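Both complexes below contain chain A, partnered by chain B and then by chain C.
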Partner chain A sequence: MAERPEDLNLPNAVITRIIKEALPDGVNVSKEARRAISQAASVFVLYATSCANNFAMKAKRKTLNAGDVMAAIEEMEFERFLQPLQEALEAYKKSQKGKKEASELKRKDRERKADDDNDRSREEDIEEEQDDDEGEAEEEVEN
Partner chain B sequence: MWVTLSAPFGGDVEQQQQPRFSLYGRLACTMAAAVAERGSPEGEDDGRENTATEEPAGAPGGAGGQSRLARLPLSRIKALMKADPDVSLASQESVFAIAKATELFVEMITKDALVYAQQGKRKTLQRKDLDSAIEAIDEFAFLEGTLD
Partner chain C sequence: MSSNKVEENVSATQALSGRSTSLPMSRVKLIMKSSPDVSHINQDALFLTTKATELFVQHLAQYSFRKGCGKERNALGYSDLAKAAEEAEPFHFLTDILPKKILARDYLRSLEERTEDSD
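Then we have the complex of A and B:
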């Protein structure tokens, strides 16, 4: 499904939750303000991406990496984001590592099970062949 | 390639001071216009969006949601990033970093707009509070002219 730029808004529910948590109790936010914040967030993504991409291009890299994003955030004068971002990145990297190891284990498990199944079905085939032979032998005798 | 953008940045002097970026200005205007036409219907595919970035194992309940890794769906963020033709590939970490930075941005702009609502002795954040924050705060200059 091709995504047009105008379809790429961020989910309302998530944006609303972030807004509500940033506000003290008892403060509300109008629908128009919410919509505008959501739009602003999308613009932010595009702007940060473009900025980060400049850093990647300068380093003659085709792949944007986290360092490019950090550099972009600093260039955009959002230095206050750098520390929490760095911390979140560390946590993310750890969780990715955990996920990778978990899926490696799953894969090995699956392969082992598949081997077991193959062995078992081969044994069944052999048994079936033996039964057929016995059947044929009986028929010949009767004839 | 420097594309001259007329709408978002006003006079020439401001253009020179703005960082050079390729597409985001045009895209932002396109998006803003399109969103305005569609309105913003509640109950989109919000709840069903892939929020696999949340880590239920490490985050008991939803206390403040700070312990989750990222709330914005990485798939959507990545799609936005790919809308820039100059971007070929982006590492998973970079997508996560942008997602997290965007969340921080939403928090920041919300709190900054709140100041103006409080000045107006209101308990509801309104669009004009946002406009005031954008006008007053340097870091939000890139937003000028991009919202409808």
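Then we have the complex of A and C:
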């Protein structure tokens, strides 16, 4: 898939919001500064990915995992992020587990309903056949 | 449906410590995949990278603002960011994309001085 250059940028509105909420009220952030921070964030993703990938390759794995990213963040000297990242990850995994269980329940519910519908329509078919038989019997009598 | 609305109204700062992300994970994944030699990214790794990027934006903005030499004290400008990239080690990887700016005439002058030296 060919990526257009703008695809490798992060949405400006979100970047602006994060910046605004990080700074005291009323601080004016120039357009140039906002653009620069956005570009810096994209470069951060690339740097973190490359670093994490080195850890994965060392472990002879083809899939980047959470441990690789954490190791990369530490290597990049952003240790201050490790604690909040760990907490966020735990909350995320819990919510993913909850979602999975909820969709499992929905699936089982749907299957059960489908079975009920099948049973009901089979009963209706049997009733229709009985009606038809009665109809044919009447015709014969008339002829 | 109403729970979705609640999540939207959660501020970006609150989201920074929580299980949801402000930055879209799909876009972060696109950027990650553009890196050579990267084949698969597990979902937790994608979440962490997205979260870390949000923390990075917050940190870069705050650091640059505090240490900035901007003309107004209540503003954050490009030069504050370039200064942060040069002075703080963790931000050194940004020096290529956040170069310090110099006036054109200063640059031309330094060019002249260099050619004079080689004569």
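Rule of thumb we're sticking to: the second predicted complex is superposed on the first by the 137 of 143 C-alpha atoms of A that agree within 3 Å, B and C clash if a C-alpha of one lies under 4 Å from a C-alpha of the other, contacts with A are read in each partner's own complex, and residues count from 1 in each chain.
Keep this in mind: a contact is a pair of C-beta atoms (placed from the backbone, for glycine too) under 8 Å apart; a residue touches a chain by one contact, two chains touch by 3 or more.
All figures in this text were calculated on a predicted structure; none of them were measured in a lab.
Superposition of the two structures on chain A leads chain B and chain C into a clash. In the overlay built on the shared chain, the residue A:Asn12 is in contact with chain B alone; chain C does not reach it.
When the shared chain is aligned, no partner comes close enough to touch A:Ala59: not chain B, not chain C.
Contact with chain B, but none with chain C, is seen for A:Glu75 once the two complexes are overlaid on the shared chain.
Contacts of A:Val43 after superposition: both chain B and chain C are touched.
Annotation: chain A residues 3, 8, 10-11, 14-15, 17-19, 21-23, 26-30, 32-33, 36-37, 39-50, 52-53, 57, 62-66, 68-70, 73, 76-78, 80-81, 84-85, 88-89, 91-93, 95-96 touch chain B in one complex and chain C in the other. Put simply, chain A touches chain C in their complex at residues 3, 7-8, 10-11, 14-15, 17-19, 21-23, 26-30, 32-33, 36-37, 39-50, 52-53, 57, 62-66, 68-70, 73, 76-78, 80-81, 84-85, 87-89, 91-96.
Those residues of chain B whose C-beta lies close enough to touch chain A in the complex are 19-24, 27-28, 30-35, 38, 40, 42, 44-47, 49, 51, 55, 58, 64-65, 69-73, 76-77, 79-81, 83-84, 86-94, 96-98, 100-111, 113-114, 117, 123-127, 129-130, 134, 138-140, 142-143, 146-148. Of all residues in chain A, only 3-6, 8-15, 17-19, 21-23, 26-54, 57, 62-66, 68-70, 73, 75-78, 80-81, 84-85, 88-89, 91-93, 95-96 touch chain B in the complex they form. Here chain C touches chain A in the complex through residues 11-13, 16-19, 22-24, 27-28, 30-32, 34-35, 37-45, 47-49, 51-62, 64-65, 72, 74-78, 80-81, 89-90, 93-94, 97-98, going by the rule given at the top.
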